[in-house]
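I am attaching a structure below and will ask some questions about it afterwards.
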Amino acid sequence: MTNDELILVLTEKFPDATIAKGNQYVEMTVTAESLHETAQLLKETETFSFDYLFCLTGVDYPENMGIIYHLESVKHRHVLVLKVRTADRVNPAIDTLSDIWITAKYHEREAYDLLGIHFNNHTDLRRLFLEDGWGFPLRKDYVDEVRIVER
Amino acid sequence: MAFNIYDFTTLTHDIHVGLAESFSPVLATTIEWVIVGVVYLLFVALFGLFLVYAERKVCAAFQQRLGPTRVGPWGLLQTIADFIKLLMKELIMPRKADWFLYNLAPFIVIIASFLAIAVLPFAPGLQSLDFDIGVFYLTAVSSVGVIGILLAGWSSNNKYSLIGAMRSGAQILSYELSVSLSLLTMVVFAGTMQFSAIVEGQRDAWFIFSGHIPAVIAFVVFLIAGTAETNRGPFDLAEAESELVAGFHTEYSGIKFAMFFLAEYINLFIVSAVAATVFLGGWMPLHFGNFESFNHVMDFIPPVMWFFMKVLGVIFVIMWFKWTFPRLRVDQILTLEWKYLLPINLVNILLMALVVLTKFHF
Amino acid sequence: MKSFIEYIVSIFKGVWTLLIGMKVTGKYVFTPWKHVTHSYPENRDTLVMFERFRGEVIMPHDANNEHKCTGCGICELNCPNGSIEIISKSIVTPEGKKKRLIDQHIYHLGMCTLCNLCVKACPTGAIVMGQNFEHAVWDRAKLTKVLNQPGSKISEGVKE
Amino acid sequence: MSEIKEVIVKTDRLATDKYQVNMGPQHPSTHGVLRLLVTLEGEKVLNVQPHTGYIHSGIEKMCEAITYPQIIHLTDRMDYLSAHMSNEAVALCVENALQIEVPDRVKYIRTIMDELTRLASHQLWWCVYGMDLGALTTFFYGLRDRELILDIFEETCGARMTVSYNTPGGLMFDIHPNFQKRVKDYIKYFKTKLPEYDQLLSGNVIMRERTEGIGYLTLEEAIDFGVTGPSGRASGFSNDVRKHQPYSAYPLVKFNEILDHRCDSLARYEVRIKEMWESISIIEQLIDNIPEGDYALKMKGVLKLPEGEFYQRVETARGEFGVFIISDGKKNPYRLKFRSPGFSNLFALNNMAKGHKIADLVAIMSTLDLIIPDIDR
């Protein structure tokens, strides 16, 4: 499915979501509440069948945290960028998608580790790279006077 | 007899007579024991070191490398330097290891190796124990070593060591069977268990030639099972470097590690020496039926040389295995023994018995 | 009976594949003079690195002890690791103008990742990559180098 | 007395127990500092839990403070065996964002370099795989052939592994005058050596016994876990970025995406061996046809990306590598995310190794071709 077709079908299916044509891929922004339901539909609906989550990025925006999912359908070969923002920046929380794509389990652990985003209902939300009590280095207000040398 | 000039019987006999005349019988026997012990100890230490060096050079050649070159000419002193290093290293013992068994294990392993060497005939007259049940004795003592390995693995209080030791136990117990059966095949053929008699029986033709098909099969089986018995080559799962770090001797350091290391190479020597003695004629020179001049030339090479040439040849083949094949898994190693080698061996004994009964041999 | 034949065949097939493997290694073991390794410290005299090899940043000086560095600091900006520091000094030229010149071009080899960005950015071609790769020293302080030699000055004709 | 009775009751049946072994961070077979917490029952693997982070270097954080050309040299340090592909991913991403088209010469050279890197990486994988199975000699044969590729890199790029050959808008240098001859010589040489790999290891009965039916990863699992690259393709997961979202000169060459549906260790092994043949064929198609032209576009001194989000996928030797740049119009990215193939591949290990022997765990892990800095970043 081409990007334009995808936009049409998506608008029909998800009237509440904001759908835009990005630089390369179709970008769809959903609310945090509808994330899990939308993702479920995106994977299980035959016309989309986004079964391959290839990238999960947590972003620290000034007011809140964003999570960006890059999805691809192995069958149809179309790509969708699913975006969601958390309500809070200091204690961000969002529903987990690890029950839909297993790989999200580990990518979410990474996002939790580096950005401190809490994923609700995640079965195994532990730090992945860093020690407990380290702080969240990818946040913009992270300070580490020992290891980071400003130039 | 061309052998006479190289016969050690007169030499050993003269020493014995000389000692018996000068000292009381008890003292003379004690001195003889000491002499034999020292000679064997020196031989084993030096040959072990040489084998380590040879292994490194051969392995380097397989891998298109040079091997040790820095210490001494062509790196000849490398293993001696290594040995000195091992001697000087600190002996570290895990805190919760079983002190007694942990320290006992390397000795059991190395003593078992020494015991087995005693029956090997190096040359006419150069054999310290000439049992009439030599083969039986050899298979018996060579399986004592596994107790040391099991103890080492258990007492180190390390999971890797324990897994390694258990693998080793399962493996050696199974392959003991194949080694014994393939030797038994040759005992059926030779009609004796005495090593000197077995060698003597190959004066005209080595058993591997005169025994033809069953002997060749027995030889191949013996090589495979022998490799497995020494925990080497594709069967080195007891110390499987990429899985178990160093297997049963993970926790050993310094001289205790050196003992395991040396024992491995002595065992390699023993397996090769038994293969050379039982299948390849021991110290007997290579003879072809009617080529008198050829046979005569061969006679001029001393029997000791013959023996060691054969041993080194077999060792090379075993090294070739090690540096070519991937390692087997623990269940496959048992499958190989119980589903392949054992049935082949049993059939082979029958075949050999038929050959002997029908006198269908050279 | 069929399975028995398969059993026998599998033995021979297995042994055959093992022999093929032994042939490959055997080919090499009997030609030990065709080894591919080098004896490194011994072949130092004949060892020539490729001309683009990036061993360290150096500043070539000519016979008059002159270099081309103007001390503009572009290399310092381009370095991702902060391994270059330029210390410049102000002098008054005979014409009475104030002029900034390089005092010390400090290079921390210990922090350098040899990415070539400074060399590529240098507008006058004052720094290049050297081929020396033997950087082991006993003291970490020795890895901090001053690239312009003492008493050197900028060569005539380099545009500022 | 009662104690003794209890003991007798307990040992009535041979008591067995699960136990845990820490494989790594210092273990000969984990190729770096990966730590696996393995639960075992005897020799049987019940559960594998990877613990990462021993070599986490915060590259994504570092990237937020440096400029785009400087980011490229950091990507060398992640997947050091596919350094050139990672370089290229960042370069392509920046070029896409700036909407510039690099000259054909650059595309050709990049593709050839990609394939040489893939060859070198697969060679190293092959030799290490042999070593993990216990065939130590393969290690030296693989490295022997790989060294010659590294020589080609050294002559043209100036470094053997951390090449840093790409810059946004082109390449660091033009190819060395010897490059084409050397590559052609090498391809000729390697075509005689690759069959030896098959003879030594692929055909070997022990190796086949060790890999056939071991480490099963179904197609559904592969997609669900995001297992890409040769490991995913061995499960029939068609994920070759070179085919599906071609970049550089890949649209111009003919090659097959190697797929295998056997899903086991042997399939993963053979996919890589076949990929080496494909790489050779790609290089052969391109090496004589490198067009004349500039090796780099003239770029501005300070690169500033337009505001927006840019994603670039490339196929490294281990799988799909992604660069995701969120730019706020400054000279350094607001957020930069690397999607590393090893990260997703690693976590499928538990599913693959469960129920197999401890020796198989090592062999299965080796077929995933993990590079730890690539996972930890």
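Here are some notes:
The letters A, B, C and D name the chains in turn, as written, and every chain counts its residues from 1.
Just so we're on the same page, contacts are C-beta pairs under 8 Å (C-beta built on N, C-alpha and C of every residue); 3 or more make two chains touch, one makes a residue touch a chain.
Quick caveat: nothing in here was measured; it's all calculated off a predicted structure.
With steps allowed only between chains in touch, the distance from subunit A over to subunit C comes to 2.
Looking at C-D and A-D, the interface holding more C-beta pairs in contact is that of A-D.
Set against the Cα centre of subunit C, the chain with the most distant centre is B.
Taking each chain's centre as the average of its CA atoms, subunit A and subunit D sit 25 Å apart. Centroids of subunit A and subunit B (each the mean of its C-alpha atoms) stand 64 Å apart. Separation between the centroids of subunit B and subunit D, computed from CA atoms only, is 44 Å. Annotation for subunit B: residues 62-65, 323-325 touch two or more other chains.
Among the residues of subunit A, none is found touching two or more other chains. Residue positions 137, 144, 200-201, 204, 206 of subunit D are each in touch with at least two other chains. Inter-chain contacts occur between A-D, B-C, B-D, C-D.
Within the complex formed with subunit B, the residues of subunit C that make contact are 11, 18, 21-22, 24-26, 28-29, 32, 34-37, 39. Here subunit C touches subunit D in the complex through residues 13-14, 17-18, 20-21, 23-25, 36, 49-50, 52-54, 78, 80, 113-117, 120-121, 129, going by the rule given at the top. The touching residues of subunit D, counted against subunit B in their complex, run 19, 21, 27-29, 43, 130-137, 139-141, 144, 200-201, 204, 206-207, 209-210, 357-360, 362. Note for the complex: subunit D touches subunit C at residues 66, 69-70, 72-74, 77, 137, 144, 147, 151, 154-159, 162, 164, 167, 172-173, 176, 196, 199-201, 203-206, 301. Within the complex, the subunit A residues that touch subunit D are 22-25, 27, 51-55, 57, 59-60, 68, 70, 74, 77, 81, 101-103, 105-107, 110, 114, 127-130, 137-138, 142.
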